[in-house]
Amino acid sequence: MTVSISEFFRETANWAFLVIAVPTLYAGWRTVTSNNIVRAVLYLVVSLGGTAALFFMLGAEFVGWTVVLVYIGAVIILFLIGIMITRAPLGVEADLSHDRSVKAPAALLSTVMFGVVTWALLDAFSNEAIAPFDSTSTTELGLLIFDRFVIPFEVVSFVLLAALIGGIALARMDSEAPE
Amino acid sequence: MEWFENGLGLSLIVFLPAVGAGVTLAIPRARESMIKWTALIFSLVTLGLATLLAIRFDYSAADSHQFGTKIDTPWIEAINAHFHIAVDGISLPMVVLSTFITVLVIIYSWNHWPEPHNPKLLLAFVLILATGMTGTFVALDLVLFFLFFELVLLPMYFMIGMWGDRGIREVPVVNWKIEMRLYASLKFFVFTLAGSAFMLLGFLALYFRSADTLGYRSFSMIELSDIGAAGAFTGTFAFLVFFGLFLGFAVKVPMWPLHTWLPDAHTAAPTIGSVILAAVLLKLGTYGFIRIALPILPAEAKNWAWFIGLLAVIGIIYGSLACLAQTDVKRLIAYSSVGHMGFVMLGIATLTDVGINAAIIGMVAHGLITGLLFFIAGSMAHRFHTRDMNRLGGVMVLMPKMGLLLGFAAMASLGLPALAGFWGEFMALMAAFNPLDSLNADGLFRTFMVVGAIGTVLTAGYMLYMLRNVNFGEPNEEWIGKEFEDVDRSEWLAWAPLVIGTIAIGIFPKIVFGATNDAVIGLVERAFGG
Amino acid sequence: MTIVQFLIVGTALFSLGLYGVITRKNAVLVLVSVELMLAAVNINMVTFDVYLGDTLHQGQIFSLFIIALAAAEVGIGIAIILMIYRNRQSADVDELNLMKG
Amino acid sequence: MIQLATSFQQLILATAEEGSNAAEGHGTVPGITDGFLVEWAWLIVVVPLVAAFLIAFFGKKLPLQGWELAFGSIAFVGVYGTVLFFLNATEGIVYEGTINVADIGSFAIEWGWMVDGLSIMMYFLVGVVGMLVFMYAKGYMHGDIRYTWFFASFSLFAGGMLVLVSAPNLIQLIVGWELVGVSSYLLIGHYWEDFDNVDAANKAFMVNKVSDAALFIGAIIMAVSVGSFSFDAVLDVVVHGESGPLSQYAFWAGLAIFIGAMGKSAQFPLHVWLPDAMAGPTPVSALMHAATMVTAGVYLLGRLFPFYLDVSGLFAGDVRTIIIIVGGLTLFLTGLIAIVQDDIKKVLAYSTVSQLGYMIAAMGAGAYTAGLFHLFTHAFFKALLFLGAGSLIHAVHSNNMSDMGGLRKKMPITFWTFIIGTLALVGIFPFAGFFSKDEILASVKYAGGDGQGVANFILVLGLIGAFVTAFYMARAVALTFFGEYKGTAHPHESPKSMAYPLIGLAFFAITAGWVNIPGVYTGFTDWLATRVPLSGMGDHHAESFDWPVLIISTLLVVTALVVGWRVYGKDADTQMARDRIRIPVLWPLLENKYYIDDLYMSGIVRPIMGPFARAILWIDMHVVDGIVNGVGLGALGVAKGVQSFDSNVVDGLYNATGAGTGAAGTILRKSFTGRVQQYAAFSFVGVIVIVVLFIIF
């Protein structure tokens, strides 16, 4: 543990990092605890937005924009549609989570998970610096995808296609035998 | 022809059927004839390529791996697994056999569909099986081998489970009453999977231990054989590894007493399933012994030889006697496989060039002959709706051609000289008289030879018993006045090549030995020093 | 900036997602939590990519694939939930206990 | 495309080249003959086989329904065989052609054709007797339901027999051996609607298969010890008296091969199949079960004769004692059974077994020429007798002599030829059997004097056997041709196609013996001796008649004929004539064939087929499979047990001992809630554990 707190705050970039990371984590926390289903999903938007911002910080602009476009643009819409169609309770008071008997061990598990992994990370990388704002060009990524990674790319395309067809098939299937 | 030589041709032979399966599945279910033609064309093209392989094969260098992909084609780099396939004299006949049987099976099924009627799925399964079978025979990397070895499991499981016999099987001891197909498919699956789990353990153990000698971990059969022959694997380690491999392969063969899945699976499976099972799948086990267990662990193979030989001759006698007590035709043929594979294993257990050659020709011959027997038994069951020999009888009156073919197949199966089955039996016995010198087990193996010779008598006994009850006499009263269609066109097309093959190999065994002999001599020399 | 700070954010988000997966009753929200976990994984990927200075940018490309697969997963997941909802008039995962021992 | 086929062509071409190289012969064969005739002699083997297939597939479309092909092919063999026979008689032929068909390890597998004295004699026999029998069969089988099929099988047999006798190596011999076995199976079971015939066919096949197994073993021992399947290689070792692996295993190899010969040549106690084999059509009995196929065992002993003769004392000389005893017992015991038979074909069948016993005994006595000479003559007169019997059966529609009688006048050709056959069989001068049987007895006597002590005993049996032979033949002739007709059908002389072959065979039955008259003309000895230098090996061949034996045997035969005539001829018309001399104890013993069949059935066949096989199956289903299913059941049981433990014991403890244990039970049960989320949680617990472990270590 060689990270010194004062050293951390001496760097301006880290302030920016904190400005992004704290709301991201808060939004994540609200996403999994909120009792309002719509609000939970909107918090997810915030959290993912934070993630995208972190990507920008790391210079991964294309990934960041993809997160914004795909997640925040499309997936969230999908979630909201799902919520509406399943007539989820939209009021604040709704009981969306399990009771304390589940929450307690879950919290414990998550905390331990976090603790253990953090410990491992600190143990392994303690104070390794990275160069921020060294952005990766989209051109470079594009060339890589269509050259070195073209086969996985095609496979993923197939998966998407299959998911598309499967989703339609599943959603259209008539419920012949309701219980 | 450069493209053919450098591995692409062989890859096509392996994967074309799988592509065919995909294409077949893409065709709408209603367009049945298109499905059939697609499957047939894919299998025929594969057979054509396999024939080309046999023609282009350099028989003067049968001991070397030909048509292979380059060894340095990495596949899963993390575990140093390579995509390395090639044929040599030992695998060539097996590759041709499996592509050949696939075509015949598809031709036969042209108008013999088991219930429930679903040609699309059935043919797709057959094609996937073809990929798995040929792949196993050409793989030179243990991971690849394992993958193909397991690939055949699922289609066969579904084939038995979906199209199998729906009769009720009463299982003694545990007093189950369970639908035949479910019982059989489950048993097949569990047995094979359990065996191959041990086999995989063996593979992994070899992989990790290979680093001691090679300096890096390797799944390559060639590298492992090289260091194995040099004595890299010894002691308890080698014993345990061989035991694992033995379990995996012996279940597939099947060797007594791991054979009990076989009669159920054969009896329950639809006709084409039984044919593929008998003709090719059983050979995966014996091939594994020849290709993997013996060359990689030669010292341990010598320690196990007497045990394998013993189980083999027990299998011969036991299988034959069990046949004599059967009333179900398919079950009888299934048990006969136990006996015939016993001869194959006896040949392998001698660890001599003669014995292993005998094993390979025995495998090919058993594939052709037992395949034919199962075809005929299936067609008879299809017509009579029973397989009970007490109710059958007088087939020579009702369907003379069918009866004649059954007679031919039975004669071939009992090892009539000048037909293919003879060579495997006779040469295995011959090898047993003179097993590997360093085994120092002449007396024991000569006893095996005598017992095996008695086994040939019993084999003749049950085959004649079957012919007597099925073919001869006057037909049972319940069949009188009914019309039975004699061998139809698709049956002729599927069976005639088997008949011709049986006769051709019987008269001119060089068809098989010409490819195998040099390769086997090389193998034996490298592993056991001649 | 150090690499650890990004990784810790990722870990934290992952743990939150895990908490959500376990505690949420509504199937849609379980999926939402899973998305959170995937986002966390992406952070790790990109961080390591930048840290290692990989010329192939495997981390970024992989995270792109993950995003694509996540989108597919959500699509299928929502469709399945819809099916279940139609059959059972509920999207409550507690009722999906056919595997109860 | 030409390039494509090259390497496959190489394979084929390589084969052909090796074949021609191999055809140049081996070291031991002196003075290889070459020339068109011997090089094309493989046609003798191939033509009947091809004919068999053609008849099977196209026979029904031919004008004579396939007979023309069958007869044509056998006539080809007959003519070719006769040409070779004369060529051999004048010039002497030794030739061996081989085609390599595979190499296995260091062993070469070859098909070939041997053209030497022994083979040529067999070609001649098969061809000439076959030709006459095929001609006869045209009339005899007329109107048969499977006429074409019959000739296909019959041609297959001829081909198989020629494969056997042309074999230059053990493998091909075995191939021919089993081919004739399977065609015998097909032809005995020709009328397979009746299970009796099928069972007879099965019996023939099985008994032969038992002996074949022994032959396999013998051939394997011999081939492995010598390093080659070739007869030449074996005889080379024997002639040079090399001690080595072959001499080490010689006794067992010799014994095993002899057991093989016993099966095919129906030697006691493996003779049981031959009388039953009479279920087949009569031409089959004549050609296969009298003239040619059953002599294959004798042929084999002849082929390996130096090995058994064993001049150097290193090889199978000890086996010869067994051979002569088996032969002697066979000729005596089975001859006796012939006396009590009513079925005329069975009389002849037992007679055949008995005569084969003579041949085997001769081989055992070391009398190569004598044994094969009897084989030669016997083929003609026994075929003649069978065809005569067939003619009778054809006329009266019954096999039983109790349905015949007085046919002398109605069927004169049959009668006279039958008489000729009988006289040849019993050995009356100057008919064929006289010379060959006498030579056997003389040889046996010589062997007895030459230190083979048991031969003296066999000589006595042989002489008694001659008496017995004459007696049962007199009985058969008396019961069929003399007295009153007792049957119901209207007998008449057979058609010409059946009568001419009888006359043809009668000619040979008279003259066949004249080729080897001691002191007068002994060409036969030379014809056979061209291949292996036997004369230098101590083969006994009588230079002149052994007068004491000759006189005693002739006297015995004449006495037997007279006695037989006195007993049966006088009032042959009475129904019970065949039981005229019932000797207590002996008679039931003979009628039941020494209970050997019953012994086999109740001692071997039924136990194996019945309790033994069922026991194995039971073990398979209950024990071997039971273990497997038991394991499965056990796993289920454990699962159920856990469940009941959970619900009964754990809950019981909960109630009884308090909250602590109970909570454990509840938690345990809660772990199987079926909630996916919990499973996810558990898996992450596992992940954490693994991560911790990784960090620690």
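Assorted remarks:
The chains carry the letters A, B, C and D, assigned in the order they are written, with residues numbered from 1 in each.
Basically, contacts are C-beta pairs under 8 Å (C-beta built on N, C-alpha and C of every residue); 3 or more make two chains touch, one makes a residue touch a chain.
Not measured: the values here are computed from a predicted model.
More inter-chain C-beta contacts link the pair A-C than the other of B-D and A-C.
Comparing each chain's Cα centroid with the centroid of every protein Cα atom identifies chain B as the most central. Here the spacing of chain A and chain B, counted between their Cα centres, is 52 Å. Annotation: 33 Å between the Cα-based centres of chain B and chain D. One simple way to say how far apart two chains are is to compare their mean CA positions; for chain A and chain C this gives 7 Å. Put simply, the C-alpha centre of chain A and that of chain D have 85 angstrom between them. Touching two or more other chains at once are residues 18, 22-24, 94 of chain C. Contact of a single residue of chain A with at least two other chains is seen at positions 102, 105-106, 109, 113, 117. Contact annotation for chain pairs lists A-C, A-D, B-D, C-D, with touch applied as defined. Those residues of chain B whose C-beta lies close enough to touch chain D in the complex are 1, 52, 54-60, 171-174, 176, 187, 190-191, 256-257, 259-260, 263, 318, 321-326, 352-354, 357-358, 394, 396-397, 411, 416-418, 422, 426-427, 429-430, 433-434, 449-450, 453-454, 456-458, 460-461, 464-465, 468, 471-474, 507-510, 512-514, 517, 520-521. Interface residues of chain A, counted against chain C in their complex, comprise 3, 8, 11, 13-14, 17, 21, 24-25, 28-29, 31-32, 37, 40-41, 44, 47-48, 51, 54-55, 58-60, 62-63, 66-67, 70-71, 74-75, 78-79, 81-83, 85-88, 95-98, 102-103, 105-107, 109-111, 113-114, 117-118, 121-122, 125-132, 134, 136, 140-141, 144-145, 148-149, 152-153, 156, 159-160, 162-164, 166-168, 170-171, 173, 175, 177-179.
Contacts from chain C toward chain A in the complex involve residues 1-9, 11-20, 22-29, 31-33, 35-36, 39, 42-43, 46-47, 49-51, 56-57, 60-61, 63-65, 67-76, 78-83, 85-88, 91, 94. By the touch criterion stated above, chain D contacts chain C in their complex at residues 669, 672-678, 680-681, 684. Of all residues in chain D, those touching chain A in their complex are 677, 681, 684-685, 687-688, 691-692, 694-695.
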